[in-house]
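Each of the next two complexes has chain A plus one more chain, namely chain B in the first and chain C in the second.
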Partner chain A sequence: MDLTPKRYADTVVLATAGRIDHSTSEGFKTALAPHLARCTAGQDRILIDLAGVEYISSVGLRVLMLASKQAKAQGGTIGVAALQPDVKEIFDITRFTMVLNVFPSVREGLAQLSPPALAAFDAT
Partner chain B sequence: MHWSEQVWVRALRGRRGQPLGLLLLVTFLGVGLAPDVLGLAALRLAGFDAYQRWAPRARRSAPAVIVAIDEESLRLHGQWPWPRTWLARLVGLLAEAHPAAIGIDLVMPEADRLSPGRVPEFVPGMGPSLVRELAKLPSNDAVLAQALSGRPVVLGVAGLERDPGRPAQPLRQAPLRTIGGDPRRFVPRYEATLRSVEEIDRVAKGHGLLNFEAERGVVRRMPLVAAAGDAVLPSFGVEILRVATGAPLLTVRVGASGVEGVGISGLLVPTEPDGSVRLRFSRTDPSRFVSAADVLAGTADLHVFERKLVLIGVTALGLSDYQATPVTERMSGVEIHAQLLESIFDGDLLSRPRAAAWAEAAVLLLAGLGLVLVVPRLAVRASVAAFALLVGLMGAGGFLAYLHRGVLFDAALPSLALGALFTAMLVVTLAEAESQRQILRRSIEQQREQAARVAGELEAARRIQMSSLPQPTAVFPNETRLDLYAFLEPAREVGGDLYDFFALDRDRVFFLIGDVSGKGVPGSLFMAVSKALYKSAALRQARQVETVMREANAEISRDNAAGLFVTVLAGILDTRTGLLEYCNAGHEPPYLLPSGERPILRLADGGGPPLCAVDCFPYTASSRHLEPGDTLCLVTDGVTEAAGAGGELYGRERLEVLLAKTGPGTSAADVGDAIRQEVGRFTEGVEPSDDLAILVVRWKGPSPGEG
Partner chain C sequence: MPPDAGLRVRFWGTRGSIPVSMTSAEIRRKLIATLVRAAGRALDTPEKAASFLEREVDFAVSHTFGGNSSCVQIVTGSTDYVLCDLGSGARVFGNDVLAARGSGDHTFHVFMSHVHWDHIMGFPFFLPIYTPTNHIRIYGCHAELEDAFRRQHAAPFFPVDFAGLSARIEFVRLEPGREYEVAGLSVKAKLQHHSGDSYGYRFQRAGRVVVYSTDAEHKQDDLAEVQGFVEFFRDADLVIFDSQYSLAEATSIKEDWGHSSNIVGLELCQRAHAKRLCLYHHEPLSDDHKIAALLAETRRLEEITRGDRRVEILAAYDGMEIAL
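Right after this comes the complex of A and B.
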């Protein structure tokens, strides 16, 4: 599963697409790992752009949960943005909205996570 | 490792053994073009000999007659050598029959000891007068010279490997003319020659070399010309032909790569580059021979010599030089000369043009490539047949070329090479098949092992999961206020769904449904651990469902090395009052099917994330008073996300429609079964990818005894 990284100041936006389920979650986890390693206090913030994701299973949620835990432990910040309605519903039911920062859009996510990143986003 | 899977075996084998086959083929081609390297030329010669044994030359014109000094002659006329006067008489008698030429297959290098003048040397006691008389008589050599002179006689000359240091005889100009170059560097070479005594040698019309050289002990070729000292000499046979035709000169035609032929009065006999011809032998034929004794006795029919080439030679055993030939183990030298004359006369010599060698290489190449391509694709029996056919065709082709064209095409070496190639290809093909069998066997073993392992693991997971689930009738055998239905169908790869229910005290019942975010053994273990910890937390913190949830979250998170989470919907129902408290940790909200007025309700309020997702999350509970007959329906995503044949999910809408259709008073079991059946129909023919769990709790109201 591919992640397309785009950097805005201190924030990396990682865009992905498709289904995050049993068959793709390992790849998703592997792709996420190097970014996550830099997601520490004072370093990169991560915003995962889920606009292209149509489904996420509990295995996929687990990857996000572990990412969130690792980021928290490192003092970093992680969030997800731009959830499609079906994915949003899964987040709502599982209350994963309480596990991760969930933003309606990438821009709002950047606005919440890092003003410099928002400035960089608006500049492009 | 099985021998057929060694690296080098595999490298040579390639996909179908072609690398090995091609390697061998190239080797064989090299050997075939230079067979002497491995001494395989003998095999080739044996093949050629076989042709001659199967189909010896047929005698047709029979131009040569042999006057044989045979056992009978010796018996009648005494020991050999005879006085040369007898030879003179023999020649004289034969000459009367007007032969075309007389060849004397003898060399007489010394003066005849039996000449009259020398008799006193070995007959002691002769008086001086007798000695004088004897000395006056002509020598036997003179008598023979007299008999030879003026007659078409050819004498033998022996080529010597080494110069014996005899006094040199006057050089006689050989009647040879060379065209196109010097043949001496191509033809066999002798250091010196041994001739008859000058007195005899001088009068002969022709002189020919008697030598023939055996190849590996068998005479197959006869040189037509050879070098002796500085001179080029014709062989005995061609010299006889020259004298017979009365031609003054023989012509030796020389090309860039060797002697091309020897011309005898308009007839060009093509030769090998070394000036020899390959004889095509006929079998020993008694009709070739006339006994010298018969000629001397006057009993022979002299007409048989008329216009013939008459060869005088010794055939008596013990005296003659017998040679092995392709057709017979023993053939006298004089007969071999006669065979040459017959062959030349009938134009029936053998040849091995350079093209033959290339043709052999080409045939070997094509047949070899054929085998390399075909053998791996054919069954053993078919490839043996193909090989036999190829060898048969080559043998037949070689034999026909010999029979009809006198061309020596070697079928033996290519056949041998094809045989080796075929064997190698067969072995390699069998090795390949064996190797495939080994691979197949191993893969089947692995599959079985894998299947057994997976089956064992899945079975273990299923047992872990199922054995930890309670049955309603076992837990509440006499409960009249509660109607409980619980169902769990594990997927093939267990998904870790769970449910549980137990009594907290006399009135209150605790129930939960959950879903672990893992599969297989880890999922089922986590499910069992979660369920146990949850129950212990519930029994300890019996007051409120939210504190149970918080406690369970802490406890389950503590032992969560795998990083899983579990969604849980837990509730406490007071069966006396109908008070329902519930708390949702990331699970599908429960449905309330009211006993009276519909619609059904989805209790989506309150709660928090799944257990283990957020440490110390302050879960809060919601509560609600149930009416008697109200039913709670709890499911896992095995229901809502059950996939149908088209990949479509069953979905919440369908579930809600189904639940709405259940009438008031429907038992918990009927609600549960309705869900199972509809999901079962929806997923007909599709292997479920996740567990499916259903928990239905119907409060029938306080028991009559307390109400």
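Right after this comes the complex of A and C.
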């Protein structure tokens, strides 16, 4: 599963698309790993842009949970943004909105995660 | 019901971990909500009142999901009784048998998921064990199956020692993955991830399939294990599934606590083409409104993730009966 990175100051926005389920979650996890390694205190923040994702299953959510745990343990920050309505409902029903940083849009996510990243985003 | 008729499933205990009972304050809140709703209505006969409750009052207000711990009956039409687990619901079941068919000359086949306390605590209060002409066969895959039941009856935990029980009680060790014929049912056990292990059971007769899968945590990143459960649930008419936690809880603070979620249950049923998913082993902290909300959310999730087949979603309650 592909992740398209775009840097805004100290934050990397990772865009992905399609379905994150039992057949793609391992690829999602693998693609996320190198970015996650740099998501530490004083290094990169990560915002995953889910605008192109039409479905995420429990195993995909588990990848996000493990990523969040790892980032927290490293002193880093991670969030997800721009969920489609059905995906937002899945996050609500699974209660993942209570355990992950979930933002309505990439811009709002950057505003919360990093003012310099927001400035860079607005300048593009 | 003749033995060749369809199966039915009756729930005697649906609560996880520990039995719960409603407080008088909760009953009062339900009554107030119902009476306010009924204001101005001419509910002057029991029939009118019953119809009003069924049609116009939410289940979470007019009923309760109940509080006994795990006990489910597979009604086969045979004179023998078939049960899954002996939680506190077994006490109510035993009383019902006595009232309907007298105290003796019964045979019970009980399939044990595991021997944690909430799954065996109904046994000392299961009155058929005190009648000499009853025959109770307890099936399970755990080596310590018999010992657990004997220890529960030993001093200082209970005043009647196991040796003093007058019914004929046998313990039958099963092998997971092997198919057995019991009381006209074909039954197969499957190992599940839970502290000390638990086992699910797949019951089958004349093309009808019921799966009882409680106290099971599903590690979703173990694809082989997931596929094993998809096959175990394959084409089931009913899957009774441990949905004690939310997915977020089950993958974070309550990981390795041995329980699953409504979400994982739905995904497994969708992949297995199961017809019905019954949410079971309800969290003791959840009141009726919370369980009703869980049911509504799971139905909504099924709707937005449905492929070419629908999975009917139910939430078990004490006294619920499902015909297959």
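We adopt the following convention: the second predicted complex is superposed on the first by the 124 of 124 C-alpha atoms of A that agree within 3 Å, B and C clash if a C-alpha of one lies under 4 Å from a C-alpha of the other, contacts with A are read in each partner's own complex, and residues count from 1 in each chain.
Criterion: a contact is a pair of C-beta atoms (placed from the backbone, for glycine too) under 8 Å apart; a residue touches a chain by one contact, two chains touch by 3 or more.
Given the structure is predicted, the values throughout are model-derived calculations rather than measurements.
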Would you mind checking whether chain B and chain C clash or fit side by side on chain A after the superposition? clash
I'd like to know which partner A:Asp122 touches here: chain B for first, chain C for second, both or neither. neither
In the overlaid three-chain picture, which partner chain does A:Thr94 touch, first (chain B) or second (chain C), both, or neither? both
Touch check for A:Asp2: first (chain B), second (chain C), both, or neither? neither
Using the touch criterion from the header, give the chain among chain B and chain C with more contacted residues in chain A. C
Which holds for A:Ser25: it touches chain B only (first), chain C only (second), both, or neither? second
Would you check which partner chain A:Ser58 touches, where first means chain B only, second means chain C only, and both and neither mean what they say? both
Return the residues of chain A at which the contacts from chain B and from chain C coincide. 22, 58-59, 61-62, 65, 69, 93-96, 98-99
Residue numbers on chain B that touch chain A, as the complex places them: 515, 517-519, 563-565, 567, 584-589, 607-610, 612-614, 617, 637, 689
Residue ranges of chain A touching chain B (in the complex, touch as defined): 22, 58-59, 61-62, 65-66, 69, 93-96, 98-99
For a test of understanding, state which residues of chain C touch chain A in their complex under the given definition. 220-221, 223, 226, 246-249, 251-252, 261, 263-264, 267, 297-298, 300-301, 304-305
Chain A - residues contacting chain C, complex: 22, 25-26, 55, 57-59, 61-63, 65, 69, 86, 89-90, 93-96, 98-99
